[in-house]
Every structure is written in structure tokens, then in C-alpha cells.
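When the chains are written out, they are named A, B and C in that same order, and each has its own residue count from 1.
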Amino acid sequence: MTTHLPILQVIIPLLAAPFCIFLRIPRLVGIFAILVSAAAFLVSCGLLQQVITAGTISYKLGGWPAPWGIEYRIDILNVYLLLLVSAMSTIVLVAAQTSIKKELPEDRHVFFYTSFLLCLTGLLGILATADAFNVFVFLEISALSTYTMIALGTDRRALTASYQYLIMGTIGATFIIIGVGLMYMMTGTLNMYDLAERLPEVNTSRTVLSAFGFFIVGVCLKLALFPLHLWLPNAYAFAPSIATAFLAATATKVAVYLLIRLVFSIFGIEFVVTVLPMQEIFMVLGLAGIFAASVSAIYQLNIKRLFAYSSVAQIGYMILGLAIGTKLGLVATLVHMFNHALMKAAVFLAIGGAVYRIHSAQLIHFAGLGRKMPLTMAAIVIGGLSLIGVPLTVGFVSKWYLVLALLENGWWPVAILVLMSSLLAVMYVWRTVEWIYFTPPRINIDDVTEAPLSQLIPIWILVLANIYFGLNTSLTVGLSKMAAESLYGIFGGVL
Amino acid sequence: MSDLFAVVMLSGIYSLISASLFLDLDAVDVAFTEASVGAGISTLLMLASLKLVSRYQKKTRYKPILAFFVVVTTGAMLIYGTLDMPHFGTADAPVHTHVAPRYLNESMGEIGVPNVVTSVLASYRGYDTLGETLVIFTAGIGVMALLMVSKQTKQESKKLIPADMQQQIILRIVAKMMIPLILMFALYVQFHGDYGPGGGFQAGVIFAAGIILYTMLFGLSTSQEVFKATTIELFTAAGVLLYGGVGVVCMLLGGNFLDYDFLKHDPVHGQHLGILLVELGVGITVASVMMIIFFKFTWRTVKHKYKK
Amino acid sequence: MNILGLYNYWIVVVLMLIGFYIVIAHENLIKKLVGLSIFQTSVFFFYISMGKITGATAPILDEKYELYSNPLPHVLILTAIVVGIATTALGLALVVRIQEAYGSIEERDIQEQDAHDQLECQLEAYGPSSMEISDEQEQDE
């Protein structure tokens, strides 16, 4: 059975999702979803062990060899993200059990869990596959289920947010298939590694350049890179808290993964930095995203929207890491992907815990909550400190590597800008703290108590992970370095 | 154009013309699907939702400058990309020389199905098709979750549902003769996909179209006596499970996921059986999702009428 | 020949752009979806065109023919059509719900109502003196 681990990773949630419809009873479906997600997590642990001991695993679906059939190929980069996504989904699902009771009518619970599992399937499928068209199919599975989850939010703005995301997301996906089509046209293959072999022969052609452009734009729409981020703040703000926590922790990271795959495994970094001014474009967009989104975050009144803008800013840091174009830059990006998932999952789950009690995500309604729900609010604060990059948290590790990579490359003005941008993060986090701890309550919160235990435990697991991985970086940095080595290895020697 | 009805009809016509062009480009299966989906189901759903929203668009100011700029940039990128393309119709383009020849030359021996599109769809790239079935299922879940109608409304409004076209005797009689034929045709398409154009997807859509036609003429409550919404919900999931189940069985029999060679002693027979089953899975899911989506839209209309 | 060899793709490009323009420029939510489906259908054309070989026939094997068009793009597009209808269906369901919640499916009306909601939150938070902040915020967005 161990040889089947790559496919089990995806088909366990894939088959579990339709099975939910048969179970019907919401409580049962909820527990079933946790089990499924935990199983997926165990599979990814198994895969990690296999990849570390035996190197890259290839799995032929349907038994057909690679360029003819679809191949799953697990290397250190995918397994790193598979681990992240399945772990996050498991933790979030534990909190979901109570959280969605207050945020969704009961007859929709089954649909919510089904969509959640479908989204998980889609994300894992994108990560595992080595086939460019298969990416599109799973991208759509995750996208359609995400639209559903967002639209289930209670506020009517959830509907428009979901619609807006549907339009933007579909444009993005269509751009991606145009890109895939153009690549296919020039090479006759859809397999990523076959593409990597055959593209150098034709990579001076204008068709390939345009293929690259379309693919990049499509992916950047999905990962909400400034200025293509317009769908994200509303989508995160009005989705049910659980959906927000899950999406913030995973969805954009998977899109960043696609970008890395495209740049490093398909086209090769040499092509990307020599043929197009990608470094400059990414640097400018990354920095612009960091500043514009952080400033917007400061003015938000809805706390979910505030941290959604902060997500857009954090994506800027990841892109900045890629823009450097060195191994260390890539490491910074990969580490930050993991760390940001930890911070944002903690923050949004904690917000979810508060929403569970006070039924509002308006910042003013959080006034005075610091006394009433000390543990939940402390989680938001620690998550916030991590976003700023305070030492002893994961955020510090991310910033450290990013600045290190920037300095190594001699981009010291950019490094200074990055440090300055942390001040903006201080401002929006401080604003939250001010409302929570130093403002008298605006609404009646006399009978508000701590979030239920089933939410506090996942929240604090994440908070402790924020500190643990801030002190012990062997897993995150270690895996990121291995992934970066292997990605540079493919082309470093050849070109 | 501010009449959305006209907009929707024109987009249906566009799909139909596209379908005939696809036919001209040798893509028979695609043409078949585009005709049944783009011109059929999609237009139908648009009309169903037009019934729920206003038919006329308000006059609004556009913001065309930015849009125009984006579109022109995209266009420039595309045209730039076309410049180095292999010319249309040439046989020595990379597309025709690298992966595709194996499908055309070997599939008869490896799978034994004359329609190469079917063998690529269901076997070589069978996993994509599983994903595609799941996409449809996902959309079904989404529509079910969004357009949910409470049981109470259903029961209270049951007596109030008149069929839309109950008075149209000619239509009713013609439809009564047509519907069995449509359903038969759907089954033919389902099981004949190996030899001619067609397969689970097209069959599912045609089957659903037959039922939808029945519902439109004889009323929602009549058709729901046969096709209960809860049962159809189960069928949407059953199709995906059948498809995935075939894959898992292949795994248990010693092959890779979806490797039909292991289903029977003879690989070619195994492939036949596998393709038959997965196409059935696709057909079941597609037909039931299409039906449920239509029913949900119709229920919504009923609910509105009832509230008034 | 040099120019004519690509004419097919250029027509496809024009169709795509028409669809794309409808999606971005129009404000009616149904029209946007129609535009989206035109955009996607045009991408299908692009795929199918590259699979065509002059003088070939549909890829259903038969002893009478020797040259077949490429089946792979057909398969991909079958998948893409399905994805397209799935997206359209979900989009329409959302439009129906938006109509119920806002009483309109014009983007402008919806934005006005949302802006109104936003303003109320602001008044609640800071009182009437908050107008300066609201101006600044609009600029950021």
C-alpha cells in the first residue's frame, strides 16, 4: 500500500466528499471530515518520510507512462506543502465543529463540510500532480468549492464577494488554460517535466513567451498579488470564519506553489530571469502590495477585513523572496509560506471564536473583550506580533531570512523598506489591541465568556506552533533548504 | 442591448454555431457536448434564472477605458503569441508529433475502442475525467447549498404549483411522444460512446434534458413524485463514488489507481469494463446534477410566487 | 500563406477579446456570465484549431481513413466545457441570491448599498466626525 501513498493523499478526501451526502447527519459528517483530514495528514507524513529516504516519487495514474497518462510526482517541495495543507485543514476542522453551528443554519452544515473536503481535495490535487492540465481541473474543484463556502457567510455581502471572486477566479483559470494551451502547442506535451525538457528548444519563440505571460497572470490572480487582489478582502471578510481561516492558511500558498513550480520546474529560473524582467516586476509589485495593503489594513473597521488586507501584504513578502532569484530568497519565501499559514490560521480561528460569542466581526464590537475572553484575545495578539515579526515568533524567522537574502544580493534599500513595512504592521496590530484591551465595551458583553474548548484547543495549538517554530526552525528551514536545493539543482547544473 | 432575454438567446445561438464549427474541425465529441451544454442546458439555466431576476438591464454608465486597456493588452499578448505558432492545419506541428501519435496508433491494441477520444478521456487521461466529474458534483453541491428551500415552503406551496405550460395541449402531446425517445437516445449515447461520438457526459445531459422537459410541461410536483430531490442528491454522489470506486478496485487488484488492465484477466477486456463503468459514473452524476440544479431554480420560482 | 496560416487563430483572439470585454466592462451580473462563457468558448476554439490537420478526419479509428486529427485537445476541451457549465450554474445561483438580497443585479446598485452599510458601521464606531477617515479609506481602495 505504501507505493500508493501519492494517490491516496488525494483520493481519500476526494471520495470522502461525496460520501458525506450519504451520511446526512451534520454531527456525523463533521467528525467524519476530521477523520478524513487526519488520514490525509498521516499520508503526507508517510510521503515526507518516503521522499526524504528515497527521493522523488513518481506515480503513474491508470498505469500509463508519463507523457501519455497523468503522472503524480512528489518531491520535497510538494510534500512540504501537502503537509502544511493537510495539517491546517485538520486543525481548522476541529474548530469547525462548534464554530459553524452559530454561523450557518443547520441544514447547510453537510454542504459546508462537503465543500470543505472538496476544497481540500482540489488543493492537494494541485500540489501532487505533474500534469499541467490536471492542475487546471483541480484548481477549478478548489475554486468552485471556495465560492460555495464564501457564499454561505451570513452577511449578504458574502454573496457579492463570492460572485466577484467567481468572475476573477474564472478569468484567472481561463488565462491559465490559455497558457497551458500555448505551451502544449509548442511542445505537444502536458507533463511538467516533459515540458521542462522540451521547452528549451523553443523558448526563444514568441508563443512560449506569451504562454509564460498568461500562466503568470492567471496564477497571480489566484494568489491575489497586488494589484490583482481586489477579490480577496471581501471574500475573507464575509466568509464563515472557518472558511476564512482555512483559505487564508492554504489557498494562496498553493497558488504561490504553482508560481514556484512554473518558474523553477517548468521554465527554469535561467529563462525567467534572462528573458523577461520578472525580477524587477515581482519586486515592484511585491513592495507595492506590502505597502498599499498594510496601509489599507490600518483603516479597516471589520477585523476580518483588516487581517485579510494583511494577508495581501504578506503575499507581497513571499513574492519579494521569489524576486531575489537566489536560493536564499526561495528559502525565505518557502519558510514564510509555512509561517504565514500558522499566523493567519491562529488569528482567524481566534476571531472565529470571538464571533461565536458576540456574532459580529466589527472591530468596535471587540471593545473590552480582552477581559472577557483573555485566552482567545491573547491568541490574536500573539498572531499579530508574529505578523510584525517580533523575535521568538515565526514571523521573525521569515523576516530574518528575507532580509538576509536581500542583503546577500546587495538589495539593501529593499531590505530597509521591508523593515519599515513592519512599522505599518505594528500600526494595524496596535489598533486591534487598542480596541480589544483599552476601549470600554460598546455593546453588552456581560455574559460573554471564553470561546468553547473545542475552539480554544486548536487555536492554542497554532499559537504554540507560532512560538515553537519561531525557536526551532529545523523543520521549516530544513525542508525549505532541501526544496530550494532540489529546485536549483534541476537547472543549476544543466544551464 | 438591454433585453437580457435576447442576450441569452444570442449566446445560445453562438454556442450552436460554435458546435457546428467544432464539427468542421473534426471534433465530433466536442461539438456534441457544446451543442447539448452550451446551447442546451446553459441557455436553459440562464432563462430559468432570468425568471427570477429582472429581464431588462438598467441603463448604466460603463467604465470602458480601463476595461478597454486591459482587453487591448491581453489581445496584444495573444497576437504576439500567435506569430510563432505552427500554421493552422499543418501535420508536422509538435502537437501532432509528440504525444498524440501513440493514442492514434496504439490505442486499438491497448484499449480496443475505435473512438480515440473515448479511450483518451476514460483511460489514458481518466483521472482528468474523474476530476471533471467532481467539478460537476462540486457545482451541484454549491447550487444545492445556495438555493436551499426549507421543507415548510415546499409543503405549503405544493398545491400552488401549476405547470408552466399545462394548457398547451399540442406541446404536451408532442412531448409525451418525444420524451421516451429522448431518454432512449440518452441511453444509446451512453453505451455507444466507444464506437461513435458520445459518452457519459453527453448522455447525462440529454437524459436530464428529457426529464427537465417533462417537468416544464407537467409540473414540478408530478415529476418529483418519480424523481425525489433527496434521491437525486444521493445519485449525484453515487456517480462520483462509482468512478472512484472503480479506481480503488483496480488498486486492490494490484494495479495503479484507475489501471483497468487489472479488472479482468485480459487487459483489453479490463479496459472495456473499466471504461463502461466510469462512463456510467459520469453519466449518473451529470444527469442528476443537471436535474437537481434545474429543480432548485424552479423551486426558487415557486417560492417567490408563493410569497407574493 | 505566411499570413493566412494564422488567420484562424486571429479570429479566435478577436472572439476571446469580445467575451473578455463583456466580462470586465458590463455591470449587469447576468451579462458578465454570458461574457465569461463566450470567453471560454473562444478558448475552446483555440484548442480545437490546433488539433486540426488539413484533410484529416475525426479521430474515430476506421480502416477507410489514415489521417486523423489530434484527439488530445478534444479530450481537454470536453473537460473544459464541463468546468464551464459548472461555473455558469454556480454563478447563476449566486446571481439569484444576490437579486433576493439586494433587489438588483446591477453592480452599481449593489455597490451603493454596500457603501451605505459601510458608512453606518463607521458612524457607529467614531461618530459623525469620522468623515475624514472615510475619505482617505476610499482613496486606498
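Here is the rule we go by: a residue touches a chain if its C-beta (ideal position, glycine included) is under 8 Å from a C-beta of that chain, and two chains touch if they have at least 3 such contacts.
Fair warning: this is a prediction, and the values are worked out from it, not measured in the lab.
Name the two chains that are joined by the greatest number of C-beta pairs in contact.
B-C
Taking each chain's centre as the mean of its C-alpha atoms, give the chain farthest from chain B.
With centres defined by C-alpha atoms, farthest from chain B sits A.
Would you mind pulling out the distance in Å between where the CA atoms of chain A average out and where those of chain C do?
Going by mean C-alpha positions, chain A sits 24 Å from chain C.
At what distance in angstrom does the C-alpha mean of chain C lie from that of chain B?
Centres of chain B and chain C (C-alpha means) sit 18 Å apart.
Taking each chain's centre as the mean position of its Cα atoms, how many Å separate chain A from chain B?
31
Counting only residues that touch at least 2 other chains, which ones in chain A make the list?
133, 137, 140, 144, 147-148, 151, 178, 184-185, 190
Please output the residue numbers of chain B that touch at least 2 other chains, ranges allowed.
Within chain B, the residues that touch at least two other chains are 78, 82-83, 85-86, 93, 95-96, 99-100, 103, 125, 128, 131-132, 135, 138-139, 142, 146.
At least two other chains touched by the same residue of chain C: list those residues.
In chain C, 20, 50, 72-73, 76, 79, 83, 86-87, 90, 94-95, 97 touch at least two other chains.
Which stretch or stretches of chain A touch chain C in the complex?
Counting only chain A, the residues touching chain C are 133, 136-137, 140, 144, 147-148, 151, 156-157, 159-160, 162-163, 166-167, 170-171, 173-174, 177-178, 181, 184-185, 190, 292, 295-296, 299, 301-302, 362-364, 442.
Inside the complex, what are the residues of chain A that reach chain B?
4, 7, 11, 14-15, 17-22, 59-64, 67-70, 107-108, 111-112, 114-115, 118, 121, 125, 131, 133-134, 137-138, 140-141, 144-145, 147-148, 151-152, 178, 182, 184-190, 198, 202, 205-211, 213-214
Provide the residue numbers of chain C that touch chain A in the complex, in ascending order.
Touch list, chain C to chain A: 20, 23, 29, 32, 36, 39-40, 43, 46-47, 50, 72-73, 76, 79-80, 83, 86-87, 90-91, 94-95, 97-98, 101-102, 110, 114, 117-118, 121-122, 124-125, 133, 136-137, 140-141.
Across the complex, what residues on chain C touch chain B?
Residues of chain C touching chain B: 1, 5-10, 13-14, 16-17, 20-21, 24-28, 30-31, 33-34, 37-38, 41, 44-45, 48-54, 56-62, 67-79, 81-90, 92-97, 99, 104-109.
Taking the complex as given, what residues does chain B use to touch chain A?
Interface residues on the chain B side: 77-78, 80-86, 93-100, 102-103, 123-128, 130-132, 134-135, 137-139, 141-142, 144-146, 148, 150, 233-234, 236-238, 240-241, 244-245, 247-248, 251, 255-261.
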